[in-house]
Structures are given as structure tokens and as C-alpha cells.
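I'd like to ask some things about the structure below.
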Amino acid sequence: MPLAPEVDLSRLAATTPGMVGADLANLVNEAALLAARRNRETVVSADFGDALERIVLGAERKVMMTETDRRRTAYHEAGHALVGMMTPGADRVRKVSIIPRGPSLGITFSSPDVDRFNYSKQELEARIKVAVGGRTAEDVVFGDSTTGAENDIEQLTLIARHMIGRWGMSPKLGLVAVLPRDGAVPFGDDGFSERTHELLDEEVRRTIDEARVDVDALLRRERLRLDSLAEALLERETLDEVDAYAAAGVESPADASAP
Amino acid sequence: MPLAPEVDLSRLAATTPGMVGADLANLVNEAALLAARRNRETVVSADFGDALERIVLGAERKVMMTETDRRRTAYHEAGHALVGMMTPGADRVRKVSIIPRGPSLGITFSSPDVDRFNYSKQELEARIKVAVGGRTAEDVVFGDSTTGAENDIEQLTLIARHMIGRWGMSPKLGLVAVLPRDGAVPFGDDGFSERTHELLDEEVRRTIDEARVDVDALLRRERLRLDSLAEALLERETLDEVDAYAAAGVESPADASAP
Amino acid sequence: MPLAPEVDLSRLAATTPGMVGADLANLVNEAALLAARRNRETVVSADFGDALERIVLGAERKVMMTETDRRRTAYHEAGHALVGMMTPGADRVRKVSIIPRGPSLGITFSSPDVDRFNYSKQELEARIKVAVGGRTAEDVVFGDSTTGAENDIEQLTLIARHMIGRWGMSPKLGLVAVLPRDGAVPFGDDGFSERTHELLDEEVRRTIDEARVDVDALLRRERLRLDSLAEALLERETLDEVDAYAAAGVESPADASAP
Amino acid sequence: MPLAPEVDLSRLAATTPGMVGADLANLVNEAALLAARRNRETVVSADFGDALERIVLGAERKVMMTETDRRRTAYHEAGHALVGMMTPGADRVRKVSIIPRGPSLGITFSSPDVDRFNYSKQELEARIKVAVGGRTAEDVVFGDSTTGAENDIEQLTLIARHMIGRWGMSPKLGLVAVLPRDGAVPFGDDGFSERTHELLDEEVRRTIDEARVDVDALLRRERLRLDSLAEALLERETLDEVDAYAAAGVESPADASAP
Amino acid sequence: MPLAPEVDLSRLAATTPGMVGADLANLVNEAALLAARRNRETVVSADFGDALERIVLGAERKVMMTETDRRRTAYHEAGHALVGMMTPGADRVRKVSIIPRGPSLGITFSSPDVDRFNYSKQELEARIKVAVGGRTAEDVVFGDSTTGAENDIEQLTLIARHMIGRWGMSPKLGLVAVLPRDGAVPFGDDGFSERTHELLDEEVRRTIDEARVDVDALLRRERLRLDSLAEALLERETLDEVDAYAAAGVESPADASAP
Amino acid sequence: MPLAPEVDLSRLAATTPGMVGADLANLVNEAALLAARRNRETVVSADFGDALERIVLGAERKVMMTETDRRRTAYHEAGHALVGMMTPGADRVRKVSIIPRGPSLGITFSSPDVDRFNYSKQELEARIKVAVGGRTAEDVVFGDSTTGAENDIEQLTLIARHMIGRWGMSPKLGLVAVLPRDGAVPFGDDGFSERTHELLDEEVRRTIDEARVDVDALLRRERLRLDSLAEALLERETLDEVDAYAAAGVESPADASAP
């Protein structure tokens, strides 16, 4: 099935760093399928976008939510997204949505402009902040928090532990690989002392806490942008990159992969 | 088998949030079976109610209890129920009974008005308080406690541990996922330090203790309602939502799922 | 085989709470067998009593004991029994014997008047005291102790640990289920901190110690009853409920299961 | 094969408490075999004694030892034996030998006069002292010690741990069953705290140390008896009960099993 | 296929200590294959060099890297290499490259002049410093660090732990083999105390930290050489021994294996 | 094959204590094989010596070592040997060699004059000192140490742990069997407390440290003998007992097994 002339394959590739040949072939197939189901004779840009989402983010799911739950979800995702837009080192925000997918009530999807090999300390801290953003927005707006941040907390704990325990990013612990590769017994022996694990835990807690404090200040300071982004989500349910940055009143960064 | 005209299927659905298609089919079958066994030609509302109970709460069981045990059970369940009625964030109380079912001598059944996705800290604390209510009522009325609260204690410990250790609801521990998903090894490594586990245990103990103190005060203050609810249970053995709220003299909350 | 008219089946049932249908059938068979072996044509009350003992307590065993060992055993069992007779909340003493059965040199058999569902803190402490009674009697009378209390100590440790660690009966630890159900991993995670286990151990030790001190005082105060009960055992080897209470000079409690 | 008239079967039985029917049949067979091999037509008392030793102590073994090793062994066994003779509560010493058997360079064999069921604290402490006696005799006589006490140390550690951790014989730990039955997981949970294990270790160490100090004082005070017993062993290699007590100048205790 | 006259087999052997017969046969095959693929009739020196690299370092890989990533990689490898050139006891640097191979974005390859059997403390510290060099160069030049040092940190932790815990190179811990051979349970028992593991961890941390401080000072002092080496890498991508030492302005050490 | 008249079988036996019948038969076979391979018609003493070495020490191995490595190895072995010659309680030194065998670059072979059954504390300390001797000689002569002492450190750690933890040779820990038999779970329970393991580790560290200090003083005091022994090794590569004692200028001890 032919592509519509408006499809900009190079732009599409730029938003899918990390995908290899087989992934891209799969993407083209999904897009063709969607176009066929929609009775089109050419595959248009929207088909590619929707196909990409199905693959990366999971299929949308119909769920009966109360208005209270919808509002909370909107602010949760707006929190992730706004922190992602305003934190140096964070990946570009590609899409924000409060349509449930898989186990999630909403999603914020970010990706870098180019394939990444290594991450700097600043970039990792930005990832922690984006993850903290959803939960902190709930705190700022509703004054309490819910169980909905479970996955975020698990993910940011994992990043912080690797920063301190494998990547040597805490002066207190130094360049010591305390944590083993996934699933491996460290060094064929019975590992490190309790005292070292205490140091690790303290540094992890400190790293996460500092991120939380920064994000809390950011979201209070930028409350108007947060409200505006959340309102846009409640109204339109899904925002692509351009609409999301516009709704938040944040200028979209220049594309690092642009020629 | 046809339904009696008085059966209000939408109301029935409202009291069974969380049930999916197969569950509801099962429920309809059980109700039809009961109606047949009762030589009815239509399935009436009571058949649905009884079928629902069998599925959710287990079948009733005949047990020879002393009057002492019955009184204790009545106050235990009245404690759960009254705390459920008077604590903001707690689910609506649907039924209270001192007829033994499965391993329990009595039951208090609560459920939310609508399908729930996330729980707020306030709602989780309400759950802990409801679980504490049975045991605390025994303390308040009889001056001591029994082994009968074993399941309640296990359940509230589990909630409190998840609040602190997975859902980031203690400022002392912060947004750190200390506890793994059920059965999982945390992060492929040997986990967190003793000191972190001490913090977790302290916060869990504090959370449960504060709930217990609040519930103790509530039940002493509302002793008349507690007595009245327990008396009603001793007399009628099972109270549905309307009768339970009436016996306690507590106004039933508006139904959030009502149109 | 017909029952003798004097057999009071309802009284028999009252002394065997906890037995279900199959157990009772087994009991009737054993009693008939004994009656046949004794060349009787009807099953008399004594056959039922002996059959019950074989099932619950194990068969008697012939052992050559020194007089020293017999005296120690008599005081050990008299200690259990006297504490059982004089401690509020303890089960009724049904039989005391210094005829060895299975691995034991003697037995004290107690059981409640009716089926029990839950136990109060007072009743559990009474159980600990009865278990402590044998060993403490040895201390009081002979000034030292032997390895014979091994099973008692194991049993009372188990009760005290469950009181503190599962049934929330220590204010210091509060309503926290520290101990898992038998054999279960607690909460799918790596459990509680050392500090919490220390608290548990301290409370267990305190609970047992307070029981021991109380029982020591009781047995010294009631030394005459203890001697008299031990003498009766040395003379008659086995005492049933009526004889045991009589030998100790303690009034048998009213039967709670009596009509 | 007939028994010689001098064989006193009742006396033989008295030295073999704990043996059951099959053991005694085995003993009679072994004695008849030895008598046949020695070309006797009746089984004499010495055949029974030698057969008993083979079964209980293992077969003798030929080993080339230096005089130094022989002297050390003689004092080691003399230490065990003298402590056994002079400590109230210790079992009667039946035989002492410096002929190697199995893995041992010498043996001291003690047994009670009658079948034992329970052991008092005093008797257990006596067992620890007898086990300490070999090693302490080496210290007293040669000023240092060897690896030869390995089994003694393992055995006395085991006794002391059971005294404190299972039989409630330390007031510091109280009547708490800290140690599980052999091989069992304690109470289906993860056991006792480090602090409790520290208390256990301290009490074990104290118990063993007090025994060692007492035995050291005894052997220095009774050095003449120790020398005389060791000399007798070096000269005759094996001493039976009568000769051993005579060599040590200690009066053999009255036989508790004598009629 | 014949060798070109310029091939100096003895020199080749000198750069491949540790290779045994089969390895060398494999090397000759790979070189012949490359020469054939390059349509040569004799195997020249460059074929051997390229074959050796494929075997030891992995095949080169084409990767699209941003200029930022290339610069970071160049300084990372230049850091390893310069520390290797200027640290007494470090192996000779044979090649530096920023062409990705296997999982790495660049490589620095060092090897000793002769087969090594044992390593001195000074040589092991030099290995730690070379491993630290890449990460520290990033710190010095870019002011922060990335996840790219993960393997370096794992490797240097392993060396430092063996120095302290198996090779007795810390006076604080002394000549105690705390760490087991790879995968072995230490001494068939439950190992060393927490306190000993704390000492081990402290000494490991100190060892690594001192190396890091020294390397940081070296790279700041020799910043000009570091820049010059990184520039050469950015320009030529791969530097052999002669070019690398020249670019850094460091005199290549005399060859210890030279006749 | 006949033995040469000069072969002194009784002397040979004296240098191989611990060998049993099968071992000796194997030795005779190996010696005959060597003699045949050397085209001799009788087996001479040297054949036996070489055969013994192959069996006990492993076959010699050809390795290209630098002069630096040879000198270090010579001093390492000379350290072992000199400490063995000059420490009371150490076994007689039979052979010293810097010809690599198996995984070792050199060997020092000691054995007692007679079969040993037990070892005294003094003898075990002597073993530790001999093991420390190689590493300490490197320290004394070259000012640093290498990885080559890995096996020595493992061996002396094992001896020291057994001295303290199984053989009761530390007053601080007393006669407590802390360490289990190889591979065994101690006492079917979960073992000793951290505090006890700390005591064990401290005593092990102290024992090894005192040995190291003594050996350091000895080797500095006897530096001339150490140099002379090392020089002899560098010159002749292998020294037998007579030559080794002569090169060190130490009088060979009288043979305890001599008639």
C-alpha cells in the first residue's frame, strides 16, 4: 500500500530512536493495517502515529472513570509532562494522554531526539524528576497522594540506586560497584557490609528527596502552566508534542536530530 | 428463568463494582439456582442478594456458639461496621452479620460505590481503621482482646507496609520503593539495609498506632451507637445496609454512583 | 454391641470438644474393642474413658523408673495440674497421670467445657502458666530442674510468640503481624528489621517471665495442695477429674456446658 | 554355647542401660563368637566385656605412636576419668584406655547405673566438666593444648547450647525455646533476634568457662591422683572400673542399681 | 600463504603475551583470511595487526554518534591511555580507538611486555588508576560523568576487593583471606563477621578513592597532553602505540622483552 | 626391577609419613618407570626421590620467567624455608625449589619425622609462620608484596580459624566450637551471633598478625641467611634438605624417627 505524499519518513525516524530494522518493519505493517481498517488507499501520517502508539504504549482501553479520577489523572500526567518540558536534560515530551492504556490510567511519552548511548548525571536526575512529577502534582493540587504513583516510585528508585551503586555518581560511596549486574551474585562472594548498604540507601534517599523538593518548587511556581496543561488534557484527552508544549506555554526545544 | 419485575439490575450492578462479565454471569446462574431450589418461577431480588453473598463472603456455616462468644462476635463486627460508617474515606457498609461463614465467626462487608483505580492516603488509613475497629471494640467493651483479630491484623499490616514501602506515603522514608512487588526480588540485588528496614517498621508501627488511638476514641465517644448496633446484630444476626445504618443511628451517605 | 445404661453420651461429648464425626465414630469403635477384649457384653463408661485416652494421649508404656524419677514426675504433673485448677481462664483438668505414655513420663490432660473459637489474652496467659507449672514445681520442690520440661518450654514459647507477633497482644509492638502464618514468607518481602525482632523477643521473654514468677509464688503458697496432689499420684498413679480436684483440695468449677 | 558359671548376667545388664532387646541379642552373639575364636567351650565374663566394648566403643586399632603422643593421650584420658570420678552427678567411669579405637587415640567410657530419662542441670554440668577434663589435663600437665580435644569441645558446646537454648537453664534467657529441635525451622518463622542469640552465646560461654575453671582447680589440687592414673594407663593401657578407681585412689560409688 | 619479508614474528609474539599455541594458530588463520580478502598474495604485518584486534578487542561496529558523544568518548579513552602512559607499573598502551567495538564506544588496549605470573601492589594500583582514568577525564573536562564508566567501575572494584580481601595488601585487615575463591563458600562455614566486612569495604573505598584523587591531579596537571591525545583520536579515530605516545608527548618505555 | 644397594628404604619411609600401603606401591612403580626411562637396570635412590616429588608436589613445568620474577620467587621460597628451619615446632624442611610445578612458581616442602595425630598450639603457630614466611620475605627484601601469596594466605587463615573456632585455642572465645565440621550446619540451628563471629575474627586477625610480626623480625635479623639461601636457589634451582640447611647455615635437627 502506497504512502501518502505528506508522510515524512525522516521525521518519523527521528521520533523513534532506539528502534531497529525489525521494529520499523513492524511499525510499517501496523500502519498499513490501520489504514486498511480505515478504508484508506494510502497510508497517511496519522496511521503511522497511531501504529507507533499501539506498539510503544499499548492499546487504548475503555474504562468508566469518575470525574474525580479523571481530574487526578490529568494533573498526574500534566505533572510528568511539565517537569519534562522545563527540566534541562530531560527527553522531549512527545505525547500526553489521559486515555487509559494497559494498567495505566494515563501516559506521558518522552523520547530523546537521537539514539543515546550513555546518560550523564544531569540527565538521570532529570529522569527522576519527571518520574516524581506526577505524584508531586497530586500533592500540590489535591494535598494528598494516591497509590497511582507505584510504578513511578519503583522506576525512580531503580534509577537512583544504579546512579549511586553502579555508576559511581555519589562522592560519599565513591567509584565502588556495590550493586551487581541484574541477577548476578556480586564478585562471587557474599557482598558488601551493612554499613555500605546504609550509605547506599542514604544517598539514594537524598537523591530522590532533592529531586522531589525541586519538582515541588517548580510545580508551585508554574502552577498556571500546570493548570492549563491539565485543563487541555481534560478537554482533549490526548495532546501531541506541539499541542502539549502550546497548552503549557513552554517553547518546544530545537530538535537535536534536525539537519 | 425470567426476572421478577422488582429486580433492579442497575442497582445490583452498583453494589458489585470490580466484577467483570464472567463474574456477573456466575452471579445470575447462582441466583437462578437459588430461585429454583426455593420453588419460585421468577428470580427475585432476594435471590440475587443471597447469591452474591455466597460468592463474595462464602456459604453460611452452622456452629454451636456460647452466648459469650456471640456477644463478643457481635461487638467485634459492630466495631468494624461503625468505624466504616463514621470514617471519611471508608467504603460504604453493605452488610453486617454474626452468622459464621468459612473460617470467620462474623463478617462486615463494605464496598465502594464505583469501580476504584487508585486509593488515596486518606482512604487507605480508613481501611486500616475499619480493620482495627473489630479488635478495638473488644478492648473497649470487654477490656481485653482475643485471637479472633488475627486476619484483621495481618490485613492492616499489609496495607500499612505498602503505604510506607511502595506508595511513598511516609515523609521519613520518602519516595523509595523499599518493598518489592509480590514475590519479586527487589532490583536484582540484595535489597535495602537494616537501617532502612527499621525506618519502615517504625513508620508502619506509627501508622497503625495512630489509627488504633483514633478508633479507640471514636468507639468510646460513640459507645451508644456501638451498643445499639451490637444489640441489633444479636437480635437479628444479619443486617443489610439500610438496617445497619439505622441501628447505628448513622445517616447513610449519598450514593456516588447514583445518576 | 449395646451400651450399658450408665453410659452418659451427652456427658462424654462434653469432655471431647473439638472432636468431629469421624473422631467420635473412631472413639465408639475403640471402646467396643476394649469391651470385647475385656469380655464384656455391653460397652461401659470405663471403656469409653480408656478408649478416649488411647486416642488423645497415646497408649500407656511400661518403663522401669527409679523412685527418684517417679517423685520428680509426680511433682511435675502435680505442678501442671494445680496451676490448671487455680488459674482463672485455664481449661478444666480432666486427668493427671504418672504412667508413661509415648515420649512422656506423665501427662496432665485439660480441655475446655465447650468448643472454643477464639482465646482471650487471659486464657492464653493461663495456658502459659499451666505449661510453666511442671518445671516450676520441680524448682520449688527439688531446687533444680531437668531436661523433662523441653516440650513445655517449646509449647509456651510458641504461644507467647503468637500472642505478641500475630495477635497484637503487646502494646509495645502494637497491632503488627510480625510473624507469618505457619510456613509462609511474610508479605512476599524480606520481612521485618532486627530491631522489631528484638522488641518481639523482649516482649516474649517478659510475658513468659511474668508467668513463671506468678506460678512460682502460687506453688510456694499452695505447697500443701501440691504435696497432697503429688502424694495421691505416687499412690494411685492416675487421677481422674474428680479425684484430682479432691486430692488438691480445690473445688471443681461448674461445668459451663451443663444444661 | 553355654555360659560359664561365673558370668553374672544381672551385673552385665546393669552396665548396659539404654540397650534394648536386639542390642542384647547382638551382644550375646558377639561374645559367643569371641569365645569360639578363643577356643573356649563356654562363654566367660571377659568375652562379654570385650564384645560390649567392640559394639559400644569400636574395634581397637594398631597405631605407631611416639612416647610423647602416648603420654599426652594418657593424661588426656586420665583427665576425663578423674573428673568423672570426682564430680557429683557424673556417670560412673566403666573403662579408661589409651589403645586407639576408630578415630580416637584413647577412650574414657562412663555410663549411668540405671536407665535415665531426664537429666538435671547438675548432671549436665558434670557432663560438660568430664568433657573439659581431657583438654584441661593437657593444659595443667604440658602447659599447652592440642587439636585432640576437637570432639570434646564440639560435644560440650552442644550440651551447653541445649541447656540454655532449649531446657531453660539460664535465668538470663529464661524459659524460652530459642533453639529448634534438631534440623527443624523454629516456629515456621525466621527465628529470634541477634540480641537473643548474643545472650545465648554469652550464657553458653559463661557455662563452659565456669566448668573449665572448676576442672582446672580440681586437677591441680588432685595432681597426684591424675599422675597416678596416667601412670597406670601408660603401664597397663586399659583399666576397668575397679582398677581405674583404685589407680586414682578414689572410692567407687555405691551402685544405684544394686538391689 | 607466504609471509611478507617485513613481518617480524618475534615482535608480534612480544605484543601477545598470554597467548598459547592454539591462540597463535587462530591468529595466523585470521591474518591469512584478511590478506586473501584484501587480494594480497602475501600476509603483511597490517593483516596480523588487524587479525589480532578482531580476536582480542572484538569486531568494529558502525554506530551513528553525535559529535557530543564522540568528544566524550575521545576524552574517556584518552584518559585511560594517558594514565596508562604516565603511571609506573602500568602495562604498555598498545592501541587507543574511538571506533565502537562490541558493547563499547571506544577501547584502550594495554598489555605487558612479557608473560606475567604475579602482580605487585604497585602494579595493581596502576591498573585501578588506568580504569579510573576514563571516568576522571570526563569529570575534569566536562564537569560531570556518565553511565559509560560502568564496566570500568566494576573492574576496579573487583581488583580492589581482591587486593584487600585475598592478597593481604591492607595492613588494617592483615593477611586474612576474607573473600573466597570465585564461587566457593569460605572455609565450609558461614564466613566472616559484619565488622570484618565493614573493614574490607572501608579499605576498598579508601584504595579506590586514593587512586581517583591521584588520577584527578595527574589529568589536571597534564591537561595539555590529554587534549592533544583526544584531538588526535577525534581526527584519526585509532592510534597505535607509536602514534598514541607521540600524540600525548610521552616517551614510550623501553621494551622489557627486547633482547 | 632390582633396587640399587645404596637405596635406604627405611630412610625413604621416614620422609614419607602419612603414606599408606597403596601410596607406597604407587611410589615404587613410579620410581621403576623413571629408572627404565633413564635406561638404568636398577632403581637408584634418585629415582625414588624424583618419583616422590612428582606424586607429592606435581610435575615440573617449563615456564619463561624474567630474572625479576625468578629473584622474587627465590626469596619467597627462601622465606618459607628459613622460617621452617628456625621456628620451634615447625616440620623439617625436605626440599626447596624455584622450578615451577603445577600452579606454583616454586615450592618448599616440609614434613614431620613421624606420623602425626594431633598438633599442639605451638606447632600450629609454627605452620602459620612458615606460610607467612614467603610473603614477609618479599616485604623485607623488595619492600612490597605480590599476588603470589594467595594460597599461603588462604591456608594460614584456615589454620587460624580452626585454632580459635574449633580447637579452643583462644582464651577470649574459650572452649566453644563456633565453626562446624567442614560443610556441616552447626548443631542443626542457625548458629552463633554476630558478636561471637566478631570475637572469632578479632582473635584470628590477632593470631596471624603476631605471627607476621615475629617472622618479620626473624627475617630481618637473619637477612644474611635469607640472602645466602636465595642465592643458592637462584644458582642451583632445587635444594634438598642437606643443601638447604647448609646454604642457610642452619644446623639440621636430629631426626626424631632415627632409631
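Order of writing sets the labels: A, B, C, D, E and F. Residues in every chain begin at 1.
Here, a contact is a pair of C-beta atoms (placed from the backbone, for glycine too) under 8 Å apart; a residue touches a chain by one contact, two chains touch by 3 or more.
Worth saying up front: this structure is predicted, and the values here are computed from it rather than measured.
Looking at the partners of chain A and chain B together, they share no chain. Chains that count as touching both chain E and chain F, per the definition above, do not exist in this structure.
Counting the residue numbers that touch the partner chain, chain C and chain D have less than half of them in common. Chain centres here are C-alpha means, and the one lying farthest from chain E is C. Averaged C-alpha coordinates give centres for chain D and chain F that are 37 Å from one another. Mean C-alpha position of chain B lies 63 Å from that of chain E. In whole angstrom, the spacing between the mean C-alpha positions of chain B and chain F is 73.
Those residues of chain E in touch with two or more other chains are numbered 181, 194.
Taken pairwise by the contact criterion, the protein chains form one closed cycle in which every chain touches exactly two others. Around the closed ring of chain contacts, the path that opens at chain D and continues to chain F reads D, F, E, A, B, C. Within the complex formed with chain F, the residues of chain E that make contact are 114-115, 117-122, 124, 162, 166-169, 173-177, 181, 187-190, 192-196, 256. The touching residues of chain C, when paired with chain D in their complex, are 63-66, 69, 72, 105, 132, 135, 144-150, 153-154, 156-158, 160-161, 165, 179-184, 186, 191, 194, 197-198, 200-201, 204-205, 208-209, 212.
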